[in-house]
Amino acid sequence: MSLPRTEETAQALRRSVARQFGRSLHIRTLDTGSCAACEQEIRLLAAPHYDLHRLGFFFTPAPRHADLLMATGPMIRAFDIAARKTYEAMPGPKLVVATGACALGGVYQPDAFTHGSVGDTLPVDVWIPGCPPSPLALLQGLLVAVDRLAEKVRDLTFIQEGGPR
Amino acid sequence: MPLWFLRGLRRGVVTTRYPGQPDASAAQLPTPPAFRPAALTRDLADRLAAICPSWALTRNGDVLFFDAGACTACGRCREAAPGAVTASGEFELAATDPAHLVKRIPLLGEGGS
Amino acid sequence: MTAVGPDLACGRPGLPRLLSQLGYDARAGAGPVVTVSVAAADLEAAVRRLAAHEGARLADFFASGGNPAIDGDPVVLRLVWGLDCDRRYLVTESAIEGERYPALSDIAPAAFAEECEIFEQFGIRPAGGKPLNRVVLPPHAGPDFPRLGRPPAQEPAEVHAQHVVGGHAFEFPFGPVRQVGVESLYYGLVTSGEEVVDLYLFTWHKHRGVEWRLRGRTPREALFHVERTEGLGAVGAAWAFAAAAEAALEAAPPAPAMRARAIALELERLYNHAAATAALCQSTGLTVGQAAAEIALERLLRLNAAAFGHRYLFGVVDIGGARRGPDTAALRRGLPGAYGELRHAADALLATNSFVDRLEATGILTREAARRLGLVGPVARAAGVATDVRADHPAEPYSSRPPAVATGQSGDVLARFRVMLAEAAESVRLIGELLEAGAGPGGADLPESVTGRSDRSGLGWAESSRGEALAWVALDGSGRITRARLRPASVRNWRGFDDACRSQNVFTDIPIIEASFWLTVAGTSR
Amino acid sequence: MTSLPLMYGAAAAWGVAALLALTGGASRPGIRACCVLSGIGGAAALAGGVSTLLSGDSRVVTAGGSVVVGTLQLQATSLAGVFAALLGLVAVATAAFVPRYHQPGRGTALYLAVYNLALLASLAVLAAGGVVTFLVAWGTMSLLGYLLILRHPQRDEAAAGAFWFAALSETGFVLIIAAFVILAARTHTMQLDLIAARAHLVTPGWRDTAYLLALTGFGFKAGLVPLHVWLPEAHPVAPADGSAFLSGLVVKLGVYGIALFAFRLLPEGPAWRGILTMAAGAVTAAIGILYALNERDIKRFLAFSTIENVGIIVIAFGAAMTFWAYGNRLLWAFLLLAGLYHVANHGSYKSLLFLEAGVVEHAAGSRDMDRLGGLTRPMPRASVITFIGTLGIAALPPLNGFVSEWLIFQGLFQGFRTGSHLVAILIMLAAATLGLTGGLAIYAFVRGYGIPFLGMPRTRRAAAASEAGQPVAGPALLAVACVALAVGAPVVLAVLSRAMRTVTGVALRPVLLPGNLTVIPAHTNFSGFSPTYLAVFLLAVTAVPALIYLAGRPRAGSLTVPVWDGGMVAFRPRMQYSAMTFSAPTRVTFDALYRPAVSVRRASDDPAGRSGPVHYESQAAPVFGKNLYRPVIRAVEWLADFVQPIQSGDVNLYLFYVFAAVLIAYLLGAL
């Protein structure tokens, strides 16, 4: 069921990064109230084990240089201004990646404290589930972000015949 | 610095081949549940929906809706109904549309469980 | 690095005399938690006596009650004192009528941040009218904003201290959106252009009202949120909370489950110290060291996943036991290698002068300041305050195998780093012993209802990687939470941060100091 | 020989202008008329100065009076020509500035009268051909300067500032008189050119004494450290044009005095004289800029920067004298010329900056840099003009400050040509100090321009600033002059070198300007550059990228978003660098000099760790005021008390004093 991941597809992804963002997609992260676990996983993306630079991704502290915004947390209302400013500070074309269950509306319900998810404040392009999403999941999410073709979740059914393994 | 250089050489490469090749460590990650419609009944579905701490499960008629995005893979549903719920082993879940993350699970189980 | 055993020589008289001074009969065999109710009138005197006592440490200070629905419902102030040499916690309860109570922070400075939080959440403020700081609720929180108690009568503007910088200095703004992959936090860095004159810290950007959310849930449901208040301290917080709930429910977890918790806790300590090491390297610009530490960190996280099925050990702790047991084989296999990575990285780091020099004499925190502000964990230990819940308030499995408490003297970043490394080694030893003793999932069966019991509250604690984590839970008859107080170590240690930053540092030191504290904003703002 | 007549014209114009001011100063038209005349006078003086430079010294004109005291002796000399031209230039600029700056009224009337008379007196100093004329003019000029500073006597510091000026001027005056008396007595003439001609008759000892007296006496006016204390006190309290006049001219007259003794009256002298002068200059330059860096008040800041520039000029003069002592006439003449060039440059851009400081004060309501900010938006014209002046004073190419400082550097770098290792090293030390000064000057003026003009307004008043109705022409004229002095450097140098030939007797022009707009520092095979080409080149360097950008601008519309502030709720003015925090590094580096007293008040010193208001002060210790002048003042007071008894106020007694004095003088004469 899962898409065959071969060197070719990986090459295709790199090409698409190159095509859209000149071989360098710069990522700015935005913590809108996460529990700090998502942040740790994102930091590990740059660690030797995952080394996202090999795929043409880079972290940048300045939203001015960022093409992609990784938002974690349930978007706390007290953070609206900062979130808006950060998004507006980014040049187009820009992508927003909602990262982690909080950002996808998993952990918090909308209330006086939080919006409950990133979706209704920022125009999200890619949704990465997980609590927290492992660096592998994050990598896949980033690849989805730069390459809309890598669309496999549609095929997943989460139905397992044949009982428990 | 030479010390670090030598360390690096001795350490060798640890970088994953993903996405070129699958990564072994993925096997141990917590993953969202997969359901056996045959073992799912309405009231089991309701129990699971009540157990789920992150509102990932909702029952509508004979369909159990599962929001893989809201799921934290905490495993509570799996523990509650080992027969009906298993780990899916899926971790590549990123989607460009939240609708793609919501799944319809038909309830095919007979009677109460 | 001196190892101090659990028996600390602290000031006499010990518990009995102290308690009798508070009008409590010590002969009525006191358990690990002693609860004394103090009349509002006597509160100040009692705090004075306790604060003066060498053996008493103000561990936490929080309020409950003050339900706006019930009018005249008094706010109950609870002060939690660690009587560390007597292996006990002392909780004083005082019901406060009206909107004022004695200014405790003048007697016990450690109470200040809590005074501020209590004002924001319950609307009562200390007498004397000293200005408070905004710690939890955001500036836009009006009277109808959800609170644990009644909203304050005064406008925040007339209560909170104004941040005005005068003379030949200016406020260098930093945040809330900071470097990549760090939490949102605002620093107002008051600098004269060179040295750090003062530091304003805003943490309310991340307040999610967790304690407010927990009300009306069963402890089991609540645990889900407790783990997610501070993801990098999940086990510690969950353990403290579970212990509190168990005390309230009078449930005793089985020993293997406790050992499973302990193993998870030590694993959490390991990966946190590895992460702190990586952060230290990043802040000092030593990329090679950062890479080495991150390899160790990643391997430890993978070990967590292999052992407990979650990289950050969520879902290990359960009320009355442990939901998951460790995969013993995987642990035995993986731990030496993963820890070896950390140790080698650490050895190489300590052999790199450019790194050590940067840490030495940076961000000094005096023993006096650490005690005064009631700091905990490696930060306090590095300053020479040998406080470790595992040794001072041991519960199984630690009571049978007490850990050696590593302390430092200089209280600078280097001391913190060394303490962390020593603790990591100790954790590995403990994990080995615990595995020998055998650990597994399992839990005590919890009572369906607790209606019968008079006291349905309990205090719980655990030594998380950042230090003492406390939790206090009160249940209603149906076993649902009426008030839950979560106090991760971050809540305490941030208040030492600006002290450390102000001590003759230039402002490029601040990232280093922050890394060495290794706190989370999520934990402190909850 | 048209120079003297032109100066008479200027004098006449100023005299009438003064009268006009007295009569019509209370009305706008009156002020205008007065300023027109004053401007005409300035133009005449400028022309006179230039024509002197072109035509060389005129002969001495003697008029009336007895031989002993009152002879009026005038002479237009090329050394004074430079200063006269500068005087004219500043006078014209100020004349264009005044009508919009001053409000009609009695105070203004008096002020303008005094000002025009002060111009007259300054011109007289420069045109003086005899000792008495010089001294009388000098004294008058000092007195009028004192009155200028007292424009706003109600301001509390005004009296103090004016008093400092007067006290130090008079002290200096006494020394100057002494210096002249020595020379006059030894050469038996009161005529400057004769003194110069007969200087060899004076014994070396007397010569050196006279020179030292002159250096000190004029040093008070020129602001040599530690005789500089009046500048930072007097400049802030005077009106903008008054400050411009003080810095642009009065101070320069002190420099002129030094040059007069060093190059015209007593050119031949031992090396130590030059080295001493050079050292004084070096100390002055370094101390001046270091103190400037610690000032928040724009005018005090500029005053200290004036001290620095005087230091630079004096370094050049001192080095020149040293070279003379070692027989290198070429570099002697070269450095004198470079120094004079710097005089002209500094006169132009410092007056410009002071005038603009006045504009800022009126438009934004403050001179305190930490109460200004973001003035480029409301005050575009002022900011552009100030920027030109700033580039000039920071000695950045392509502006004029760079040209003269480059020349001075080139002169100093050739210290090895003295042949003496020790002296070469000393000269190199001076060059090093000059280098330090130059660096600090750039730092100081990045601050001096950036804090008030860039960033966000720090006060509501500064945000409401508007330059409507503020003077433009005057400063603009000076800005033009700055550019001209830079781009036209070869011409200026040609004129100067030709004119200085009458002073030095060295034909510098051929070596200095081999043609094709290049400048060679006295000795070929050393170095050389062309200010003109450099200016053109720099313009091209900036223009080409701009053109490329304009040509290749993307078609898509650009997105304008607020400054990235880390997502904080509101970025506040208090969150930007202030003047004092910007200069904190120097306070740390040189704290041995400042010995700053730091005081911190913060809420977080509360043991509970509250955070709240913070107040941080770092005050530099007033070294000179306290350690140097306090004792002197004490001594003077003591002396005053001592001689008080003879001042009974009884007329007869005073008559007796007079009689006694005359008697003694007669007896002395008889013996």
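The first chain written gets the first letter, and so on, giving A, B, C and D; residue counts start at 1 in each chain.
Heads up, the rule we're going with is that contacts are C-beta pairs under 8 Å (C-beta built on N, C-alpha and C of every residue); 3 or more make two chains touch, one makes a residue touch a chain.
Quick caveat, the model's predicted, so the values are computed rather than measured.
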item	value
Result of counting contacting C-beta pairs for A-C and A-D, higher pair	A-C
Centroid comparison with chain B (C-alpha atoms), farthest chain	D
Chain centre separation in whole Å, for chain D relative to chain A (CA means)	64
Rounded Å distance, chain B centre to chain C centre (Cα mean)	32
Separation of mean Cα positions, chain D and chain B [Å, integer]	80
Multi-chain contact residues (two or more partners), chain B	14, 25, 29-30, 54, 72, 74
Contacts with two or more other chains, residues of chain A listed in rising order	48-50, 63, 82, 85-86, 107, 131, 134
Multi-partner residues of chain C (each touching 2 or more other chains)	139, 176-178, 224-225, 291, 295, 298, 311, 314
Interchain pairs in contact, sorted by label	A-B, A-C, A-D, B-C, C-D
Touching residues (chain side chain A, partner chain B) in the complex	2, 5-7, 9-10, 13, 48-51, 54, 101, 104-107, 109, 119, 124-131, 134, 136-137, 139-141, 143-145, 148, 151-154, 156-161, 163-165
Sites on chain A touched by chain D in the complex	62-64, 81-83, 85-86, 88-89, 91-92
Residue ranges of chain D in contact with chain A within the complex	559, 561-562, 564-569
Chain C - residues contacting chain B, complex	221, 224-225, 288-289, 291-292, 295, 298, 302, 305-306, 309-311, 314-315, 323, 344, 348, 351-352
Contact footprint of chain D on chain C as seen in their complex	105-106, 109, 111-113, 130-133, 139, 161-178, 186, 190-194, 197-201, 372-373, 495, 498-499, 502
